[in-house]
Every structure is written in C-alpha cells, then in structure tokens.
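Some structures to go through are shown next.
Two complexes follow with subunit A in common, the first pairing it with subunit B and the second with subunit C.
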Partner chain A sequence: MKKKIGIPKCLLYYQYYPLWKVFFEELGAEVILSDNTTKKIMDDGVKLCVDEACLPIKLFYGHVLNIKDKVDYLFIPRLTSVSKNEYICPKFGGLPDMIKHTVKDLPKIIDTEINLRKSKKKAFTTALEIGQFFVSDKTKIKKAFKEAITSYGEYRKKVKQGVIPTDILDKKLSVVKKNDENMLNIAVIGHSYNLYDKYTNMNMIEKLKNNGINVITVDMVDGKIIDEKVKQLNKQMFWYFGRKAIGSAYHFMETGEIDGIIYLMAFGCGVDSFICDFIERKIRKNSEIPFIVLNIDEHTGEAGMDTRLEAFTDMIRWRYRDENNLSAHG
Partner chain B sequence: MEKNSFYLGIDVGSVSTNLVITNEKDEVVEKLYLRTGGQPINALRKGMQILADKFNKNIKISGVGTTGSGRQLASVITGADVVKNEITTHAVAAQRLVTGVKTILEIGGQDSKIILLKKGVVYDFAMNTVCAAGTGSFLDRQAARLEISIEDFGTYALKSKSSVRIAGRCAVFAESDMIHKQQTGHSVEDIINGLCEALVRNYLNNLAKGKDIQEPIVFQGGVAANIGIVSAFKKALGKDIIIPKYYDVMGAYGAALIAKDKIEKQNNITKFYGFNAAKNDYKAKSMECGDCSNLCEIIEITSNDEVLARWGDRCGKWSDTKSNKESAG
Partner chain C sequence: MKITFPHMGNTYIVAKSLLDDFEVDYVIPPFNSKKALEIGTKYAPEMSCLPLKINLGNYIEAFEEGADTVLITGGCGPCRFGYYCEMSREILNDNGFNMDILTLELPNGNLKEFMKRIRKLTGGFNIPKVIKVVKDTLHVSKKVDSLEKLTFKARPREVKKGSVDRVYKDFQKDILNVKGSKQILKSIENTKNKIMRLEIDKDYEPLKVGIVGEIYTTIDFFTNLNIDSKLGGMGVEVDRAITVSGWITEHILKAIIPYRKDISYKEASKPYLGAMIGGHAQETIGNSVLYANMGYDGIIQIYPLTCMPEIVAESILPSVERDHDIPVLTLILDEMTGEAGYITRIEAFIDLLKKRKERREIGEELILSGN
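Let's look at the complex of A and B:
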C-alpha cells in the first residue's frame, strides 16, 4: 500500500506544491492535501495557535488538524531559507516544533531543514534526506528530484506568463469579466499565501477580475527582473519576500503599464510591516501610481474589503476619465 | 410644490442612517439623520415613513442612490439606481459644496477616512485599519462613561484650561488613562479636551501619515459636529478647517448626486419602488448554511414572504436563487 503524505494547503503550498507533489509521487507516495481554508479550519487554527502569531500561521494549525488523521506522514519542513543569503520569516523555522508541542495525536512528521542560504545545491542533499523516508535507492530519489524540478519549472513558467497560481493548482481558469469600462492593470503585492487563499482575502483577486481588472501579482515577475531592480537599494535586503516585493514594486512603477498597486498584508506580520512602509514611500516619492494597503485578519465582514476595492478602482477610473476629458477639451 | 425632479440619497452607516432629498439645483430640500441603533431596516423604514408623510404626493423621485456599509440592504428595500462606496460619495459631495477642495477628513461611527484630491480628482485615500478607536462610537462610549451627552462633549472640551494627555491608540487604553486622570483630580473639561486631542492625534498618525494635507480642508461626518474635535484638528494642523453645510449627511448627499448624474446621462427611469415600499414588512433572517465546512452566515431579506435578496454565501448558491420564491428557507 502506498504511504500517504499530507501537505497542508497553506503557507508555501502556493509556491512549491508542483515541486513537492511530483517529488513524493515519483517516490511512490500518495499526496493528500488538506481542504481549502474554511471557517472551521480558521476557527480551529485560531483556537490552537498562540494569539500573537499572524493569521497565516494560525491557519496552518487548522490545516494540520484537517488532514492529520488521514495520512501516515505530515510534511512540515523546517524552512530556514529558500534563496541565497536570504532568510524567510523565523516562524517557518519554528513551525514543526510549534505544531508538535500543540497538536496531539500527530502522524510522523517530516521536519527536515530546508536551508538554501549558502547554496542552491543544498536543495538536492535535502531532497536525498527527505527521500529516505520512502525509498533507500539514491538514484530513484535523484530522478524524482529531477522530475520535481521540471514540474516546478513548468509551473513558474505559466505563472510568469500571467496565470494566477491557483488557476493552475486548482486546474480551472478564472476569466476577467468584461464590463463597460476600460480594462485596468492592477498589481498586487503580498505573500503568496495571502494572495491566493480565497477564504482569508475574501476572494480579492476574483472580485477584481469581475470588475474588469487584469491582476498582476509579484509571483508573475521574473526573478531576473527582480535581481536587476533591487540593485537600486543601498544594501542587500536579507528577507526573501522583502527582496521579491521591493524588486516587483520597482518593476511595477517603471513599466508604465500598471494602473494601480495594492499591498495585501496580514495584520501582525513583521516582514509586511517593514516592507509595506518602505514600498509605499518609494511609490509615493517616485510615481503617481495609486497605491493602497489592505489588511487581513480574522474578519468575516466583507463590507470593509469590498468598499476599499471598489473605492480604489473608482478612483483610478475617475482619474482616467478626468484626464480624457481634459485632453478632449484642450 | 411643483412636480420637479428630485433625488433621494440614502447612507446606512453603523451608527446613523441618513436620508437626503435633493432638487435639480443639488440643494438639499430635506435631510434626516437617524440613529441606526443596530437595526438598519427599522431605521430605514422609519426614515422612509417620515419622508412619505411629508412629501409622498408632492414630489416625484427621479433617482435613488445608496451608500454606507448597509448600501446593499438599502438598495434592495428602496430600489436604488446606484449603489456606491462611501469614499466616492463623500468625495463627490465635498467637491460639490467646496470648490477646489484638496483634503477631506471624515470621521463616522465606525470608520474614519482621509481623501486627497488633485485637480478635482481623488488621487489617494486611506481608511482606518482593523480598529475603530478614534471614531464616533469611541467618543459615544467615552461620553456615556463620563455621563455627558455627546452633544455637549465639544462645549466641555473648549472650557479646558490645561491639557491632559490621554492615550488615543486604543479605546481600552484611553479608558484606563481617563480613569487614572480622573482619580488624580483632573477636571472633566481637561480630560475631555485631552480625549479630543488624542483622537485627532490617532487619526493623523494612523491615516494621514506621510500624506500632504493641503488646503482647502473639509471636515465631515457626524463627528464634525463636535467643536472640541474641530478645534483640536485646527490646532494640530495649524490650518483652517471648513465644515460643509450638510456635513452630517455628506454620504447620502453624494449618493443623491451620483444617482442624478447617472439618470441624466443615461436618460434612465428610476427603479425606485416609491416611499410606500417602506410600509411593507421587511424581515431579515440569518442562518448558517451547513452544506460545507465554510458554514457561511446567510442573510435573507423577505417582504410578505417574498425573498428579495440573499447574501453572505461564498459559493453563490444562495445569492443566485434570490428571485426563486420556492427555495426560500
């Protein structure tokens, strides 16, 4: 019988699932995902997790609870770094311990450290370590890793072409709904687990699309562009997400094709609180592009989100209408 | 009264429900400021009833606009032509009354906003984030605690002789600060003034940070009635503040203006159900849908057993069937 490995559908799932899935399947395991975030998952997570954590971390607990009894293994790697000379949020590193000491009756947890700070090559040795849980044959693991990297590459390619990650992961395409107004291009900056979890962000991307807006997210920006843009900074940004967000923000400012920028942040996120302010200052100083910050937490009242999104797009359209009027008369 | 064109603007907010009737010259012929009291349907019916008694036979409503956090609800009950967010309606209203306005400060019951305009167009805005400290309901609460009516709040503040610093970041912190200052013997006037300054400080730190506040500055929303806050704003900004004449119903006024604009431009006939629609019995029922683990909280609005609207579901199953009477309940 196939060994079942559970992956919580949150946090870095949105970034690495195509890689993880193929890797584990190539090793003969069956990958089981937790359900999409629901009210119950959120309630469970909020109840279990320390109060001071951000919402996405709380959700992780809920997803673990949702899936733990259906699997032989839970994949909760100790994520220290996913890029050279950069770190990610320290809570990701503490996640396996936080879960182990809070949640009872857990299956076996694969908590191998993923730390690519010194070299990308470390990814392969990490894969070998994780692979040992399923097979002992190193050639098999090597092959599985190669396939996984290919799958990840294809995923990244599609996202860079402008496909919303969840459209690929859920295998259904969302379409921009045409309306009477001109199409707008709105860029969205934020952690992938905030941007693509429809429950927590109250379906923000879909709402924009239904309003005749083409949504461009940070994940669609090519890594090379980001590398190039962040050279403008005085010193190196040591957060993986920070670099991605700032590089993308510069890119969005400079392409001349973006009509507005939304920063979606989770209340209580340390990284967001710095980066958001930094980006806002840059945008306001160097451009005229409309910018808005949207905060998410446990709220279920959608009116707040709807009002802000609606007002933001109204503002952009109003601005264009006015500019058009001006040019028509003089 | 002549049977001219009149427009109705409705703003259903968390604390107040406002109704405005405007004429063709965009003048307000009637304005109502009612307490929502947690029952938006009742407040709206009451408002419509008052207008019906006064105007029903005399005027014809050519267009209706709704706004505020209860704008969907108001739209369902009255048959609105436009449903607009508060930012847009407030900006439209302020521009109509104060030519060339560059900054709009608005403090309502549960939210506060700042709107910046350039060349007559909104170019930036911000709303309070997750906390309602520094809004009308915060002041309401503190006034109640000091056993002072909210209408007299400002007068007390102006009588203050020396300033007392109150924490404005959070309503709970402010309250414990106030109790402490009371117990050390500060006068009520000084404490109230300190509270006004705290609210303004919080507003400017939270919403206006990094923003260029240029004159003319308009201050609107229910809290603009509070002369203590107005004076604290003037002091903090060192600039003059204009209170527009319809300051407490600007959202509703803006909604009426936008409705007029739409009806005139598109040559439409209003969808307004008439003032008597409010005489109907409206019921809002909430239920938890158990079909999946989202457990959505569904709201259903019915009138005489007919389902007018449903919302609150994430999948669209309930809101899509709103016209289907059989599936009610």
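Let's look at the complex of A and C:
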C-alpha cells in the first residue's frame, strides 16, 4: 500500500505544492491535501493555537487537525530559509515544534530543515534527506527531485505570465463575469497564503476580477526585476517575503501601468507590520498611486471588506473620469 | 555630531561609559516613561513590537535635547530587530526629525565597514585605544550585571522592606552625574558595598523564579513594570539569564574581542526547539529547562504583543512545564497594559508557587517521619 503523506493546504502550499506533490508522487507516496479552509478549520485552529499567534499560523493548526488522522506522515518541514541570505519568519522556523508540542495524536512528522540561506545547492541534499522516508535508492530520489523542479518551474512560469496560482493549483480557470467598465490594473501585495486562500480573504481576487479589474500579485513579478529594484534599499532586507514585496512595490510604482495598490495584511503578522508600513511610506512619498491596506483576521466581516474594496475601486475610476474630463483629448 | 541611543534597562550605564571614554558628545534620552511610550506609539506602525515604539520615543525626546545621530546595533534577521534601524530612519525623517542612524553591526561579516563606523563615531581613534575602550566597556557591563544580580538576592532577604531599592534607585539616578568607565566602576563598587551592609535575614529561604522571554521586556524595568523589584518585595528571589552585558558583547563587542558565549541553554532546548529561529526563543526554552533543573519554583515568561519568536516559545513551554513539573506564567505587554491586572496575575502565580512548595515540604516531612 502506498504511504500517505499529508500536506496542509496553507502557508507555503501556495508556493511550493507543484514541487512537493511531484516529488512525493515520484517516490511512490500518495499525497493527501487538507480541505479548503472552512469556518470549522479556522475555529479549530484558533482554539488550539496560542492567542497571540497570527491568523495564518492559527489556520495551519486547523489544517493539521483536519488532515492528521487520514495520513501516515505529515509534511511540516522546518522552513528556515528558501533563499540566499534570507529568512522566512521566526514562526516558520519553529513551526514543527509548535505543532508537536500542542497537537495530540499526531502521525509521524517529516520536519526536515529546509535552509538555503548559505546556498541553493542545499536543496538537493535536503531532498535526499526527505526522500529517505520513502525510498532508500538515491538515484530514484534524484530523479524525483528533478521532476519536481521541472514541475515547479512550469508553475512559476505560468504565474509569472499572470495566472493566479489557485487557478493552476485547483486546475480550473475562474470564470470572470463580463464587465463594461474599463479594465483597471490593480496590484496586490501580501503573503501568498493570504492572497490565495479564498476563505480568509473572502474571495478578494475573484471579486476584483469580476469588477473589471486585472489583478497583478507580487508572485507575478519576475525575480530579476525584484533583485534590481531592491538595490535602492539602504540595508539589505533579510526576509524573503519582505524583499519580494518591497521590490514589487517599487516596480509597481515605476511601471506606470498600475492604477492602484492593495496591501493585504494578516492580523498579528510581525513581518507585515514592518513591510506594509515601509511600503506605504514609499508609495505615499514617491507616487500618486492610490494605496489601501486591508486587514484580515478571524473576525473580519465580509460586508465591511466588500465596502472597502468597492470604495477603493470606485475612487480610482472616479479619478480617471475626472482626469479624462480635464484632458484635451478626453 | 551629537549621539543618542535607546534605553533598555541599565544599558545606558554601559553606553555612557563607552561614549565618555571615546570622548563623544551625546545625550542620554530621558528615562523611559509614559510620555516616551506615547510619542513612540504615535509614530510607530500600530502592529510593530513594543521596543520599537519606546525606542522611537527615546530618539524623539533626545532630538528635542539636541541629539542628531542615533547609535544602535543591527543584525540580519530573522527577527524584526534587524530592521529597526531602517524603520526608525524612515519614520524619523518622514516626521521631520532630522536624525542620522549609525548602526554598529557587521554587515555580512564586513569588519572594515564596522571599523569605519567606529571611526566615524570616535573621530579617528587608533586601534589600540579602541580596543582598550571596548575592554573597559565590557568590564563595566559585567559589573552592572553583577550588581543587578546582587539586588536579586538581597531584595527578598532585606529586613527593612524597600531598603535595597532605595540604594539601587539612587545609584541608577546618580550615575548620570559620573563620567567615564573608571568613575562608573567606582560608583558600582560603592553601591555594592552599601547593599552588602544592609540588614538581611540570612536564614530566609525565598521562592525562586526564573525570568525568561524577549530581551527588551525582560530587561527594561519601565516596560515590565519593575517586575524584579515587585517579586523581590514579595520575598521572591529572581534570576534572569539574559543580561545587558551578554547582549552588548553579542551585538557589538564580539566583532573586536573574542569571547565565548555560554551555550548550555542550546543543549537544554534541543528536545523542544530544534533550531535557532531568531530573537531569544531558544534561550527562553533552554533557560526554562535549566531553571527547572536547578530547582527553581517557577518560570515567568515576558514578551511584547506580536513578538514572533516568543509566540513560538509560548507554544512549546507547556511541554517544558509538564515534563519538568514547573509552573510557567506568561505575561504579554503592550502600550495598554494596566498595572492592576498585571500585579494581580503575578500575585496569584506566587501564591500558587507558595502552596506547591508548602505541600511538597509537608510531603517530605511525612516521608521523613515514616508515615
């Protein structure tokens, strides 16, 4: 019988699932995902996790509960770093320990450390280590890793072309309602697990799209552009997400194609508390692009969120109308 | 150039010694206060951690007294502290406080850049002199810490309540009028002697509580509402493994002089937290285990709201509590923390520890008497 490995559908699932899935399947395991976030998953997580944690970590607890009894292994790597000289967040580094010391009756946890801070090459040795849980044949693991990287590369390529990650992950293209309004380009900044978890952000991206808006997320910005843009920073940004977000924000400010920027912030996120403020300062100082911060937490109401989104897009549209009325060729 | 720096407990004494010896012009910000916190809260991002807020309050109050350059340490993550310098720079400048930030850190291990900054600070001191000043500073920081440790031991045993604090608080104030490492050391020595001469109850066996958690809130007496002194007043002996001198060596001085850090906490934390994740989470877990092994009666964890590493530690501490049979109290601080509720929780915790101890002692007596 195939060994079942469980992957909680949250946190870095949105970034690395195509890699993890292919890797484990190539090794003969069956990958089991937790369900999409529901009220129950969120409530369970909130109940179990310490009060002070950020929403995404609470959700992670909920997803672990949702899936733990259905699998032989749970994949909760210690994610110290996924990029050179950078970290993710202290909580990612401590995640397997947090789970092990709070959740009872767990299956075996694969908590191998992923730490590419010193070198990207470490990825392969890490894969070897994880692969050992399923097969001992190194060439087989090597092959699985190669396939996984290819799958990941394809995924990244599509995202960079502008496809919303969940459209790929869920294997369906979201149907966008026809809209007579002019297409607006709105950039959205936030952790992937906030941007693409439809339950926690109350379907924000779809709502924007249905409102005649072309959504560009930080994940669609090319890494090379980000590398270039962050050179203007006084001090190197050491959070992977922070660098990506700041680099993208500079890019959005400078392309001249972006009509508005939304920062989607999770309640209690230490990284967001700095990055959002930093970006807001830069945008307000150096550009005229409308900017809004939307907060999500376990109590955010959908109505309030919708009102703020609509007010923001309406405001942008009004601005255009005014400008067009004034300009000579309008 | 007129330097200032953020407060954190007794750090100002050490910073003063360093800057005096370097003959640098500087302003010590007014002590942490409600006002400093209010100013900082006004300008800092709402969800930022408390130390950044108070730091900003310090800078702005020092700015008003003529400071134009902030001296702080940096780091490269994973926690927010490593970006305090940049956040402060942006926030101060956006609000018209024209201040430069001088970060003493080793940017990617770059010693040259570090020495350049030291030279900027000292205005061209030669290297042997720099090393001497650094050594003296280190010495001062160790003495400041051992004086503090003495107060930890003396407070619960003092016969006249408040006598230790009276001497100690005077020292903390009067040190502002003293100049240079030599005089500072002398003043520390005098204070130590004064405390040693206070009347104490040698036979008293206090409860022992280990304080762990995020560094700023555990060390800074304003922020933690004088927890050391409050516990001492309740007859409890405290200890805190994280100290000003440890922090200063870790962040600034180790670039210049070699030192070996005591890492027994790392070993102790291993079964619970398998890696360094930033901040002091590993210390929190490891030291809790060590305190339990040393026979302490309880642990108090303190951290500021939204503090990332300590949230991880808090999630793990229940296992330490269970495995080592030692009660843990977690106190979370923010700008809204009210003193009344805070004290009530501490008192309730100490009551619990007392009862446990009594029960245990009765148990031991029963065993000894053969019942």
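The rule is short, and it goes like this: the second predicted complex is superposed on the first by the 324 of 330 C-alpha atoms of A that agree within 3 Å, B and C clash if a C-alpha of one lies under 4 Å from a C-alpha of the other, contacts with A are read in each partner's own complex, and residues count from 1 in each chain.
The definition used in the following text is that contacts are C-beta pairs under 8 Å (C-beta built on N, C-alpha and C of every residue); 3 or more make two chains touch, one makes a residue touch a chain.
Note that the coordinates shown come from a computational prediction; the quantities given were computed from them, not determined experimentally.
Applying the stated contact rule after C-alpha superposition, one finds that A:93 touches subunit C and leaves subunit B untouched. Shared-chain residue A:310: touches subunit B; no touch with subunit C. In the superposition on chain A, A:281 makes contact with both subunit B and subunit C.
Touch criterion met: A:199 reaches subunit B, while subunit C stays clear of it. Once the two complexes are laid over each other on the shared chain, residue contacts for A:318 go to subunit B alone; subunit C is not touched. Ranking subunit B and subunit C by residues of subunit A touched puts C first. In the superposed model, A:41 makes contact with subunit B only, not with subunit C. Subunit A uses residues 281 to touch subunit B in one structure and subunit C in the other. Contact residues of subunit A toward subunit B in the complex are 35, 38-41, 198-199, 203, 267, 280-281, 284, 288, 290-293, 295, 297, 299-300, 303-304, 306-308, 310-311, 314-315, 318-319, 322. Considering their complex, residues 45-49, 74, 76-80, 82-83, 85-87, 89-91, 94, 103, 107-108, 272-279, 281, 305-309, 311-316, 318-319, 332 of subunit C touch subunit A. Those residues of subunit A lying in contact with subunit C across their complex are 49-50, 52-54, 57, 78, 80, 85-91, 93-98, 101-102, 111, 113, 233-239, 242, 268-274, 276-278, 281, 285.
Residues 69, 84-88, 119-127, 129-130, 210, 292-297, 314 of subunit B are the ones that touch subunit A when the two sit in their complex.
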